[in-house]
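All chains are identified by letter, namely A, B, C, D and E, in their written order; residue positions are counted from 1 within each chain.
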């Protein structure tokens, strides 16, 4: 454990965090700060798509903390008995429309996406952002006929930043990360399809206290501040 | 077609010069490594000499100055056919297809080329191999087929590199007679170590010095 | 892997509309890409094996590039060339040709990643076949075209065939470049690997079942086209 | 692509700690995998090219499988074998060996996807080299080991080398199987392609810059090891 | 070593039988395709006959019944060395390394094997090629090197398939004298179309019928 250490030689300790790829930048910074506050602790970050991470955990990957980009994947981890205690929501993400710089197709609302000749790209309904997009379609009574239904938000963004698509339905964090390459067109009804990011300590953790401390740090003011910079919403 | 030849291939220490009248056969002899195959290679267009000049009936085959610049006609436009020292039968073609290769390349139709090839195989007593692959031939059998393939090209100039070396004693006599007939009136160069070949086939002889 | 899928649901799954559409699309595009690889790769291999010119090494490296590029990066590179705003793509766009999000884009992505397989295999075969037969054929009066058609290509046919099989297999498994460059729409651009990837999000077992289909198709193609075993070492002449 | 990255930030980016760690890890693991491919692939190619036995076609298909498997599926398959709960993994676990999510896992993933390249290239070279020289060497008193070492392998060295280059290139670009099977831990399992993938999530331009590094390394390796160009067709004996 | 041989290779329509006393040389002659190379291939262990039996000094080389079952000793354990009809020099080794191959395989050290190879090249007047690759040799030069390589193996039984065919006239006389010396006291089989070869080298003759 982390206890028992006097001011004598610090015991080297590793905290392994499995986090959704969309958290890369924020978690790398936060992990560095956490290490500074906890001398002797080395935070190892493993980033991948949330479903990949669950697969890895199921197959016995050694980890202390799991931060998922959606509740469905966290549920899978819970069902598999991997989680210690209750997951908690530490961030939210809202859908928005990304258009290439200059907005060539003149998109102003979600409904515009259904217009003639608009190349729109969305996530497929089997992945979280696709499910959220479908909910917005229902609420607005709009039926999109996308030219592509991607398996990850990153791939939707790729189509927009490269100008292949006239518009893509993505998360606010993605628009923030892309900087000048894209412009944002807000979705009025976006609050109806909120995406929640849960975090949890894992059964396989060798040091439940330290895992807890890391989760608290992410949910604390410094963690929330850094996440907000990336475009995440508060829980 | 009369033939003139002069070439220098210094990497192989080979240098030679000769002239040959229309319809005549030149026999080249000389020790191993003297440059016999090299000369045939240059004539056929498979080797580029450092310098030299070759003509057939006044038509230039190659004409390269000491810096290696000048004319050089590619092999398929020379009207010169080589039977190399090794049979080099095309391994993916049957014996008949090998012999029919040149007639086909000259534009003959499939069955006309086959007929022609069959005739040449008959002349060389090799019809019974017609459908075999080259890999299933004995050394002497392969040589006969290679000879048939070169003859079937009916070129202006025929180059034969030790055509009868692996042929059996009886076959040598038979094939020599055939070659006498075939080479009559045709310009040809025959390389051989066998004085009898040279004596019976060639009207002129080039004796290369050896090392 | 087999243990994780029970048979009845397996059958239902692989005959579902989306699976069949993906399988059919994969087979069609992989076959087209293989043909393209042969048509483009044969001249390239000939140039690499039969001539020498300055920049040849660089050309070879360029052709082999897709091998080492992570497919996603390959897809990005394709976007920069053929995309709407790409080097070539913007001119095509003007001519009214839009490649983005079409099956054509899938074929381009697959051809891009598979071409090196064909070129490398064929170049090796050409080098080891040597030029002796070609030279001899020329002295028999065959021009370059005839030599190519009747000597060179038949001699390297085994190398060409094994290269084509590799290219087909690689096209069938292509995922990253297709996803990045062509997108993912059922029946149009969503090939079997993309379908598998999507299935994995919701039902990993189903993804495994679909993978088995892909594996079966691949084994069938590769197995059937394998070079016939020659009899053991026999014969010296 | 070049246009999108300005040079000063480019340099800072590719010399950042995480980039250098990823590059170094990539080079180390790709080199190790290539050595493993040669060690494993050479006997396999020999068995495929020099003997004939029932099930040979099946063995060949099996070896070629990773070519056609989308790498992610390959990664899942590896987890089922070497993972903690896997067929082999659970026994290794008992012996105190845990492979998943270590650098060893990266090497296994790369070897898995790269092996077919070596085997296919080498098998073709072995077949076209034929067995004549081997037979003759045996009549000169050389036993099978000597024949292998002094005749067979030197004769197919160009094929072996080009297979090894392909395997190295493929290892360097490996992404999907590594991510799934080995995870993405800086300095341990996060190779350059994984680093690029992560960068793309947050900074697409940086991803392009890193891709250029990968491309440069690949061009260097492939270009330098290319077969020396032979002089144009010369000589019939 | 005395030699006995009896074999049937129906795919090639070859069937033969002979005995040869210790230290003697058998000359095999016969038309192309008679089966001369085939017999050497079976003796060397490169071809498996349908049935037959071969022994060297009482030691069995192969002994196969009509169903093809029985003993078959692999080539490297027969003490039989073949010089094939084509030189087949190892293309990746220099001439010297080619000739040193057998001594090295017998376990000699690198420099001892080199010395031995150099001696044989000297005997065959081929030392000046020592560092060349086989591809840079003329037909006759390659043949000399192949002969040197076979002789350097110093086997119990030596098989030579047309050893002098592409050698020039002067070389034939020189090499025939060398072979008379080398084959003295050694059991050997020599295939040749040249009656002079057989006359000078062989004490016994097997004349194969042709087709």
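FYI, a contact is a pair of C-beta atoms (placed from the backbone, for glycine too) under 8 Å apart; a residue touches a chain by one contact, two chains touch by 3 or more.
Keep in mind that this is a model prediction, so the values were computed, not measured.
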Quiz item: How short can a path of touching chains from chain A to chain E be, counted in steps?
Solution: 2
Practice problem: Would you identify the chain whose Cα-based centre sits farthest away from the centre of chain E? | Solution: A
Self-check item: Chain whose mean Cα position lies farthest from chain D
Solution: B
Self-check item: Inter-chain centre distance, chain C versus chain E - centres from mean C-alpha coordinates, in Å
Solution: 49
Exercise. Indicate the whole-number Å distance between the mean C-alpha point of chain B and the mean C-alpha point of chain C.
Key: 44
Quiz prompt | CA centroid of chain C to CA centroid of chain D, Å | solution = 18
Quiz prompt | Shared interface positions of chain A, touching two or more other chains | solution = 55, 158
Quiz item: By residue number and range, which residues of chain E touch two or more other chains?
Solution: 37, 44, 46, 82, 84-86, 88, 137-139
Quiz item: Among the residues of chain C, which ones contact at least 2 other chains?
Solution: 76, 80, 132, 135-136, 197, 200, 204, 233, 235-237
Quiz item: chain C touches which residues of chain B in the complex?
Solution: 44-46, 74-82, 84, 88, 90-93, 101-102, 104-106, 135, 137-139, 142, 149-150, 153, 155, 159
Practice problem: Enumerate the contact residues on chain D facing chain E in the complex. | Solution: 132-133, 135-144, 146-147, 150-151, 154-155, 157, 235, 237
Quiz item: Which chain C residues qualify as touching chain D in the complex?
Solution: 1, 50-52, 56-58, 60-62, 64-65, 67-73, 76-77, 80, 116, 120-121, 124-125, 127-129, 131-132, 134-136, 158-159, 162, 166, 169-170, 172-176, 193, 196-197, 200, 204, 207-208, 211, 214-215, 217-219, 222-223, 226-227, 229-233, 236
Exercise. Would you mind writing out the residues of chain B in touch with chain E in their complex?
Key: 30-33, 36-37, 85-86, 137-141, 143-144, 162, 165-172, 193, 195, 210
Quiz item: Mind pulling up the chain A residues that touch chain C in the complex?
Solution: 51, 55, 119, 121, 124, 126-127, 146-151, 155, 158-159, 162-165
